[in-house]
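Next, two complexes with subunit A in common: one pairs it with subunit B, the other with subunit C.
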Partner chain A sequence: MNRIAKTAAAALFSVSTLALVPAAPALAETVLRLDEVAVGELDPGKASDYADSILMFNVYDTLVLPAQGAPGLVPHLAESWSADGNSHTFKLRQDVKFQSGNPLTADDVVFSLDRMQALGQGLSYLFTNVEKAEAVDDHTVTFVLKEPYAPFVASMLRLPIVDKKLVMENLGEGEGEMKDWGQAFLSANGAGTGAYTVTSHNPQQETVMAKNADYFLGVPGAAPDTVRLRYGLEPATVRTLISQGEHDISSQWLPPEVLKALAQDGAQLLTESGSGAFYVKMNTTKPPLDDPQCRLALAKAFDYAAAIKMIAVTDDVSQGSPATGAIPVGMLGANPPSAELVRDLDGAKQHLNSCRYAAGDQNIEISWIAEVPLEERFALLMQANFAELGIKSEIKKMPWALFAEQVSKAENTPHISQIFNNAVTGDPDTLLYGMYDSKAPGTWQSPEHLKDAEVDRLLEEGRTNTDEAARAKAYHALNNRLMEIAPTIYGYDRQSVFAASNRVKVPAMSDPSKAFGLDGMGFSFRLMEMQDKN
Partner chain B sequence: MSPVVRLLVKRLSISIIVLIGVSMLIFTIARVIPGDPARIALGPNATVEQVDQLREKLHLNEPIWVQYGYFIRDFSRGDLGISLYTNRPVTTDIAQFLPATLELVIVAGVFMIGFGIPLGIASARYRGKTADNVIRVISLLGVSAPSFVWAVILMLLFAFFLPLFPIAGQISDTLTVPPRITGFLLVDTLLAGDIPAFLSAVHHIILPAFALALSGIGQAARLTRSNMVETYDKPYIEMAQSYGFPARRIANRYAFRPSLIPSLTIIGLDFAAMLGNAFLVEAVYAWPGLSRYGVQVILRKDLNAIVGTVLVISATFLIVNIIVDLLIAYINPRIRLAERGRP
Partner chain C sequence: MRRTFSILLSNPLSVIGLILVGTVVFSALFADFIAPFPSHRGAVVDFSNFNQPPHWPNIFGTDLVGRDVFSRILYAYRISLMLGVVVLAIAVPIGVTVGLAAGYLGGWADFILMRLTDVFLSIPPLVLAMSVMGVLEPTLTNGMLAVTTMWWPWYARLVYNVTRSEAQEGYVLAAEIIGASRWHIMFREILPNCVPSIVTKMTLDLGFVILIASSLSFLGLGVQAPTPDLGSMVAEGGNYLPDSWWLTVFPSLAILIAVFGFNLLGDALRQILGSDQ
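Then we have the complex of A and B:
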């Protein structure tokens, strides 16, 4: 036994000495470590998730950027732009070089669009209305649209410009002249003009990026020298890493209680908001929800204040703010924050009395997405709220894949579905058109299966009228119409909350006057400031 | 043909048949999980036309036996297709993630044998005494909680409250990863002669490997103890004791070896099962292994990757079992003799 005890003691001693071995010599560089859900899609033609957006906005640039702290767009790779009917012409900066050293030209912009359309993945649906792009000269490019599309310039926020020459030199196996359009190359390498270059990339584990010393706007010295974007960390792991000082910014997907615990441990909470919301979707084709009065009854019975409490992280920070309608506060056409939605049980009962279905006869199905546990809490909240009206309901858990398949047909879609949706360009068209236009096919965005001529007309007005004031008026009217017919319960305006160590300052996610109002843009590493050297 | 070679040939033949069966089964099961893989891969905003194009490209509109035919054709060329999850060839993903899991499982296996069997021997030798009771409680704790619970407990104890161990990845962020030769980081760091990187890799693997091994340690200890206790009651042990042989000699030479045979079978199965069980430990410790990859591809209904991952894990399971069979044949002469055709 003595021998065993000695062996065990020796093993413990060895282990503890390992812990004392310094991990590495101190380096005179700053390292920012953050995490997101796997996988990180590096190919900008396929990017769609949050992690992909972070990569895209740092490795690549776009022609325009969202203005900070205000609506609208500002020039970026483009110096200026103009519209003439269905043609949009952009003048490019002449001082921009790709990370490879190749100069940026109009050909690169044309190639980036052609590639996006040819792959047909990620956010390429934003460009299905573009007939062609043409290089007028080396630094002028014209996009020709098939039909008028007012928020076209905003959609340029999702067209990262790719280094054509580099990609053409690295085409992989495939058919035709363009072979694989450089998919194999771009899924492992960067080919942009961005402020950060890709040092290594493993889509399930980690992407390492380093400052691009030749960035056309320059990268401030305080910005992190190296960034390690890790994928798929568990909440418990993130909490421990941040407490150990080995992690800087969490993902937004941490449960509120973990965010709260981190805040209590001294972490700062960063926020990003303005482009998305939590929607409770009602199937307008199934009784009793095919009667607007029944839908209005449910919308008024929903306890909005309880929902906000459920997502509160601290007394000051929450994962959402009160909704004021279909359009999140701050977006074109939104109602002011003072018009927040509140529960009105008496009003709900009045609407229910006007409904052609008797409350006691109804049993509605409330679904929640299995991968989003928070939705189960909302399902339970709704069950309790609706029970007060005498409406029975059953809760159904659905994996995302099954949900996405079932909503393609109205008869298979549950009475109530819950989704989080956001405007990928910050414009209300990219939020509302897919949800409410009657021509849009049944997708996860449109479990309402709404057919309403007035909604269609206003959506069309919003996307075709190029006058900004007229668009705002159309979206206000649309907002009001949607409140009248209540295809959806507008749960709350979503706000992404991230826990961060105090080693990093992120003005775009802590100072409203620096916020971009576009998901993922707050993670522009060049605008961050590291507080110490490792 | 020697009996051991004959045993090997027999086991390999059976394994190939099992693998073909597994491939058919998983190929079918992967296709009946709810959800359209093309829709999931292209994302919620893809148009119906885009989804249809990808379905066509993946042959998803063909009957399942035709699809299996395409799979066998590609498989025979060493092509498992493209993962719709990582957008890379499945073989590339497996080659990248498998070594990390194998390394974790091998170290856990070493812990299982290195701690479990000595604890079992000690427990049997000191049967009924305090040491025996303590070891039995520890073993029971190890067996009764699953690996992921231990993963979280160990992380809280030795990383959160007592920051002794790192908890994310295979090596410190600040060190340069040595050139990939075998894919096994412990081996590659040694081959590169990079001692700080090797120590960092050792430091990183201890907690996840121990969490993964704890259940096996308990199992091995309990099994070794019960087998040895049974052996201690045999007349030849009593005879050795009556001759006054030292207790350690009796334990190690006369009681342990016959007790090892049943333990070895279970340890072998445990070892292989760790491949599948590793995914939660890999998730907690951000370990870039195949088990975590396997779970992600199932959730995303990534057909090619599901089939590839399951086949590799099954093949590894079968290989481990063959090794265990050979070891047992080596230890137990009765099995060798049976293979030779004698009773």
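Then we have the complex of A and C:
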């Protein structure tokens, strides 16, 4: 079968080459085609998920970038930065122009922050601690924080810099001086300095982007001339399109079996890892999960090895690696890879015996997000695992919108929720604070509704102490505490896997020394290399 | 009765219908004995044997958590049939009563009951069922309720039309003259004459109820995991086409067989009972 497939592929390839050669002069335009979830948000004040990040990292730029192949940050729109107490000062490059032709100034940075805070959507929660930003001169800007916040510079990765002049010229309807803050304009148009300009944008269909010839760093010739990012394609459609050579990079949301089939057909697998994990969250306010012993019993009964097996794509590529605790391996405060979590049914039984509820009395509700079919399998796995302890459970499918609404109240939150979460700036604070701090409101990140003073203290220590070693110590202690009281089953450390045609090379997602360690940054189109012209 | 059977057996299509329906009902009733892996209808996972193409002993392959697709289809039939029977058992009495009352009593009763029926009929059935399921929790009972809501008006309409014409017949007038009660006339005199049409429609409908229930669960509004259900099996398998084709093809064929069988049988009954009249 495989041989036939290979022969057929070879035959197809030769036919397509024959067909292409006369039609494709060497300088023809290169087109990169990819897909993502159902909706793409182009407004920098509202962008939040992976699809949005791809748009932000290409249409806009940020003051800093993650270093490639190493932890830490490198200059980007900012040449340098310094901290003095609660104020952080950035020196901007002087040679940067927006796509509109307007020069980049400190005013634009101030405007971008003001707009983010005024809209209060998307990732704006990262900036609630910022009191104000001030333009010191044309190319110097100072951010003043309300309270010390150690990973502040990293949060600049999530502040796309917007062209103030262009937005002010295009304000829509609204109250007050700033009217709608340009929401109508920015939801359909780009206003950044980025390497790609927006040609057209339909948030539920497709965004088309083209190379920005005036990009301040220059865009290499091998980078795609045009990028078509399509939304909401069915896995079976993507599977067929890639096989037929009509699609280049899949989303990371393909089920492992589909990725496996594509890899067998000769597609390459791209990976991005290091900042996220799969969490099975337990509602710590509902019996029997309000007793840590019961939670520990479930955590020990979970079959970690089966989970890893479920997400394996090929022998060397998997959508995840074994978890070692609450913090993914490689991040500040994480346990070493050798400390991987394993199933311990006897330990689970012991914990269950210490639990103040009898196993048979309770019926646990295991929810899964309807949009993520993989979660149904984890639900079934847990149901079987917990049944071995004599714990009854029922499985409940929930559309994302319903789930996001129900988790706002502890009493409506299901016993068990499954969440993929990642550190939006690569720093553990942005992963853990929203999930575990007792002051954090009930959101999809925090279906545990955890209230634990020790956890709160360590989270505070991690975000306020500017000494890196002290931070690492705090996060280690936090990790241990979170294992001890087990609000969550730490399923596995996540790795995003994408299937791609061989028409494109993506060093940032195939060469570990060029990886960014920040979700979505691997999709910087300017760093991709198209292999043929068509 | 004998004549009915001989007509039934003389038409090859109705024979096929009978065989298909027989197979479906037999599989559903005796799933416990036929299914090679009866435990696979519940909370079972087997990651040493998941997503395997058809092979012995998993003749329809295994699904994404290692359960036998063949066994699950047999149990899914049981649920589909149960759903069909329960829905019709609730919808038919309601619809028939409404239709009889409106058709025989006439006047205001006719106006109110039939306009109410029209309101239900004016909403596309799947949309109506989806909105009911949207308000209630997605469970089997609520699924039945949702399908029932959309099904009774059709019986009301059918029985109403038959009643209107029967009410003009001589035997009804005769019963009225000797002073029979309205209740007696509706249920003892008119209803028996509606039975052939009702039975035919019920047989035809059983297939459609199964189809609608599958559509609901395809949209994620039906039976919840791990209970096997044909519609959800097709919906989940669709993501893995064309490689894991057995996840979609076999449950789809199972739906096809059930719906096709009940349709052929219903058609045959219509011919037979129609010729009787």
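One rule holds in what follows: the second predicted complex is superposed on the first by the 507 of 534 C-alpha atoms of A that agree within 3 Å, B and C clash if a C-alpha of one lies under 4 Å from a C-alpha of the other, contacts with A are read in each partner's own complex, and residues count from 1 in each chain.
Simple rule for what comes next: contacts are C-beta pairs under 8 Å (C-beta built on N, C-alpha and C of every residue); 3 or more make two chains touch, one makes a residue touch a chain.
Just so it is clear, the model here is predicted, and its values are computed rather than measured.
By the touch criterion defined above, A:A401 reaches subunit B but does not reach subunit C. When the shared chain is aligned, subunit B comes close enough to touch A:S187, but subunit C does not. Once the two complexes are laid over each other on the shared chain, residue contacts for A:A236 go to subunit B and to subunit C alike. When the shared chain is aligned, subunit C comes close enough to touch A:R377, but subunit B does not. Of the two partner chains placed around the shared chain by superposition, subunit C is the only one that A:K309 touches, whereas subunit B remains out of contact. By the document's definition of touching, neither partner reaches A:A453: not subunit B, not subunit C.
Contact with subunit C, but none with subunit B, is seen for A:E257 once the two complexes are overlaid on the shared chain.
Residues 234, 236, 239-240, 399 of subunit A touch subunit B in one complex and subunit C in the other.
Residues of subunit C that touch subunit A in their complex: 43-45, 47, 50-51, 64-65, 138, 220, 224-226, 236, 238-244. Of all the residues in subunit B, the ones that touch subunit A in their complex are 33-36, 39-40, 42-50, 53, 85-88, 93, 96-97, 118, 122, 126, 131, 152, 155-156, 159-160, 163-169, 172-175, 196, 199-200, 202-203, 206, 283-286, 288, 292-293, 296, 299, 301. Residues 234-236, 239-240, 255, 257-258, 261, 306, 309-310, 370, 373, 376-377, 379-381, 383-384, 387, 393-397, 399 of subunit A touch subunit C in their complex.
By the touch rule above, subunit A contacts subunit B in their complex via residues 1, 4, 15-16, 18-19, 21, 23-24, 27, 31, 33, 38-39, 41, 43, 46, 48-49, 120-125, 128, 183, 187-188, 202-206, 228, 230, 232-234, 236-237, 239-241, 243-244, 246-247, 371, 399-402, 404-405, 424, 434, 441, 443-445, 534.
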